[in-house]
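Shared between the two complexes below is chain A, which pairs with chain B and chain C, respectively.
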Partner chain A sequence: MGVVFKPGVKLSSTVCKTQIMVLRVPAVELDISCGGAPMQIGDPAELGDMSGENSGTMVGKRYTDADETMEFLCTRGGDGTLAIAGYVIDIKAAKKLPSSD
Partner chain B sequence: MNIHLLLQMASEAMGYREAVVCGNMRLTFEELGEAAKSVAAKLKTGEKLGYLAEGHPAFPAALFGAALAGTPFVSLNYRLSDEQLAAQIARITPAQFITDTSTKAEGLTLMSPEASIIGPAFDGEAPNEDGAIAVELFTSGTTGEPKSAVLRHSNLMAYIFGTVEFMSAEEDEAALLTVPPYHIAGIAAVLSSTYAGRRMVQLPSFTPEAWINLARKENVTNAFLVPTMLQRIVDYAGDKLDLPHMRNIAYGGGKMPRQTIEAAMALLPHVNFTNAYGLTETSATICMLSPDDHREAFTSDDPAIKRRLGSAGIPIPTIELQIRSEEGAICAAEETGLVWVRGDQVSGEYKGLGSQLDDEGWFLTKDRGFVDSGGYLFIDGRADDVIVRGGENISPGEIEDVLRSHTAIKDVAAVAVADTEWGETVGIAIVCKSEVSDAELCDLVRANLRSSRVPSVIKRMDELPYNETGKLLRRVIRDGFA
Partner chain C sequence: MKQANSCAVLSETDLPKTHHAANYANHLLSELGCLEQVSALSDHPAIAWRRSGLLRTTKLMLPVPLTAHVDGVLMALRALCPKADLPDSGALLMGERARLRKTIRNGRQCAGGYGRLMDTANGRIAVNLVREDDWGLIPAWLEDAAEDWDGITKIVAKKDTAFLVNRAAEIGLAVAEDKLPDRPKSWVSIKRFEKAPRKTNPLIVDLSGLWAGPLASSLLAMCGAKVVKVESPTRPDGMRLGHKGFYALLNAGKDCVALNFRDANDLAKLKALLDRADIVIEASRPRALRQLGIIAEEFVSRKPGQIWARLTAYGQSANRIGFGDDIGISAGLASVMEAAHGEPCFVGDAIADPVNGVHLAIAIQAMLSQGGGAVIDMSMRDVLRHAIGDVANDLSIIAKTWKAIADEDKAALYPLRKPQGEVKALGADNTVWQC
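Our next item is the complex of A and B:
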């Protein structure tokens, strides 16, 4: 089941500590999962069992799909793997800039 | 989107790190997170949060605390006259103010910086409201009436996400914060340092001696300075400046004299210098001259490369920049025109005036400049007539108004005069009806305005130049001082 999200919305994993924030998404229904289970708005009362991939997420990293049509910020790291409609999304390479302030 | 997220992430992932140091006060990111919650809990619905004080741990706590409570943070210039402040405060109320002065106005509640960061904590999540305002900062307007620039959460977050990696600071990094809280660079420094996990060392009152001593005492690695501050440090240091821990110095907020940056680079060969060009309305930095660019320009014999030491650098990856003629045509390299920029961090919006962006999202910075063949931006000066003295924007109008009040003055224009120490100082051109001494005019300005407004040059003319539609030709006057 897909949902249309807006930037700034935070989604929590139901199987690990991962929390992500939507930075940029197309205005279409998306099926976002972590560790094989759909993510939800707000932390779950109790974590379920990890059934899917568990390569982990890292706080502060940005995740994007292969075509870079969407972007998420990991606001809390966890053990699960992020995926959109079953396709794993990866860390976006960062451009290193000098500190300007 | 809400800027409070930056502090929330920092306090969760590196809460044990020291966040802010000011005098004897030291707070970790976790403690700063709690301080922000205490500020937020004091704000009633519909109240803005004003800040009218020097640098203090309450400044970052208030910036994030206002965001948590879902209300704008408005930082005011404590150097303004009582009259100017009263006018600005009247535009902000109802509000609570963090201040150590005894400012009074209707609809205004005051609290001290110390009191603001203690007490019960705000309970709840930071709101994620589309287009919510994070910060309002007054700019110096050309007409004299300051404009209130509006920066939305989405603008500031775009700036941070575009320029800073989370937790990218080493554990030993510390940034020396000397730019006042009412300056966009002061706001940007708090946001960047928090997201990077870099300790903020606050220096409320700048003197070169205090800056150097604090940099040594706190093993400071990063600093941001306006050109005037760097010049004063260089002058104070003489031929030796011992800052073994310093790694990065960024500068901006005004034109850097070439002699100053060369002297600084010679004194601190191990330090990376970055020129950061930006405006309040662009959420700080939009162009950077990198440390490598500095070194290349410093050592090059090629005049085109050497010249880049006076450049504002190239746009950051998330910013597009164009130079356009007055008529709107795109200028070729080396051709001077108006600087236009576009990007998510660009607000280009003022309270009461709305968005100044064009239909395609481009913002006119009102700076004039050109780019060289490599895309490096050179700022020629401001298209408007604001005088930038040591990073402080001075509106000619307020000086002219005071001088016009003198019975001997028939006509007057205040313009920027190039100055090695301050970048620019105030020059005035006057037309007199009767005898009046320079000293008397200077005293008049000093008595009514800040000392920074006192003219450094006074030129007497038979008449001031106007164009056919009666518009004062300030450029002609300015050229007369060159």
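Our next item is the complex of A and C:
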């Protein structure tokens, strides 16, 4: 069950404090989860149980899939791990510094 | 108006000299707890604006004594280090990159080329897309697709300034509101720790990149410090890929160490190096080092006399990035130009960088002269706004008068500096520093 997301949208975990902003996504349906549960727009009333192995998210870090076709910004850290269709997505390398500013 | 007496032209010679620089130097020195004072006259701000090359870069006169104040910072540094072979002029440092790269402002585009001024629905902002990756963030910033500057300008024109600035801050884009803030009471915040006997040849571990931090450590090297420049092998100082001569001016003579902050072994080596340092300079986001378990206060508490200097765009609590040109707009320079010339524009070249670099150097040297033991925090916007000084009401009259003074001046621009020492490659000195 996937949803097409627009850049700029914020998604909340339903099992931990994690919140992410969608920075860059392909225009296809995506199944974005955190801590094993689908993420949603807006914070949940109460948190459910996490499942699977979770190593947490870090505020300020960018997360991307292996092919870097999509990118999310963690706007609030939590205990869950982010995944797209069950595949874990990881922290992106920091932006290259400019050669001038 | 406080401007009145500080504008006075005091020399009888054909080249006006003023007390602007010395007054500013004395203000900084006493604020930093130093007993030294200076009294020399220096070039009129309008003359310094022209001879630094920034009149050509900006195409317009800046009607506030910023160049003279930066001259004053160098005067103050010279007062603390009389034997150091420091540059003759602070204003020279503000203009040298644009002179070397031969860049000038183009309408609402900054001299460096990456920043634009544009109107929002209710104000004006500077957008500075210096990193290639920044373009990928535009849809998330604007919640709309824009392929190029025209597209961004059209969307921005319909949006609210506060929304654009806050959202950009959240996703890490350099966007600033064009607004003249009140002059901050203080330009630096210093937390004092235990002192130690003064060292004449301190070791600086410089984690910063680009312009401001490296300029500060290069000036401190002229005052006797040994500098180790630390970079990440995956994310070296971007200026290495820029103008070679300019990179050399800031970094020649420094040892270079490369450490991968994400590797546990390298991180341990970095912490060991930081323990050895007498002075640490860093210009990262506050959480960046915190997330690596590197807390300035803990290091300084462990090692009496150690100095940490932390430079951020808008302060330790703001969590907001910025670069020299957009910070210049947030400090009010475009507003000053609009009031003076009827045309808001970028001023100088990444102007917040050199202005902050010299202030960082004097703050560190002042602490060093007092036995160190300090965590120094500087916000680039506040430092620049402070260095702009009190802004007069009659900016257009001052601009005309000062332009006439500059037009009378037929002397050559300040001579450009020559790099001193060897430019080291990324990680060239890892073995020397056991990294």
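Note that in this section the second predicted complex is superposed on the first by the 95 of 101 C-alpha atoms of A that agree within 3 Å, B and C clash if a C-alpha of one lies under 4 Å from a C-alpha of the other, contacts with A are read in each partner's own complex, and residues count from 1 in each chain.
Going forward, contacts are C-beta pairs under 8 Å (C-beta built on N, C-alpha and C of every residue); 3 or more make two chains touch, one makes a residue touch a chain.
Just so we're clear, the structure is a prediction, and the values are computed from it rather than from any experiment.
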Touching partner for A:L73 - first (chain B), second (chain C), both, neither: both
Partner chain in contact with A:G60 - chain B first, chain C second, else both or neither: both
First, second, both or neither for A:A27, with chain B first and chain C second: neither
Which superposed partner A:A94 touches (first chain B, second chain C, both, neither): both
Contacts of A:A45 with chain B and chain C, given as first, second, both or neither: neither
Chain B versus chain C as contact partner of A:K6, first or second or both or neither: both
Footprint overlap on chain A, where chain B in one structure and chain C in the other make contact: 6-8, 21, 23, 59-60, 73, 75, 94-101
Of chain B, residues touching chain A in the complex: 1-2, 5, 8-9, 12-13, 128, 130, 153-154, 161, 163-167, 175, 185, 188-189, 192, 196, 222, 224, 248, 250, 252, 272, 274, 276, 284-285, 288, 290-291, 316-317
Sites on chain C touched by chain A in the complex: 97, 101, 112-114, 128, 130-134, 136-137, 139-143, 167, 170-172, 209-211, 232, 234-243, 285, 287, 291, 319, 323-325, 350, 353
Residues of chain A that touch chain C when the two form their complex: 6-8, 21-24, 58-60, 71, 73, 75, 93-101
Complex interface listing, chain A residues touching chain B: 6-10, 21, 23, 59-62, 73, 75-77, 94-101
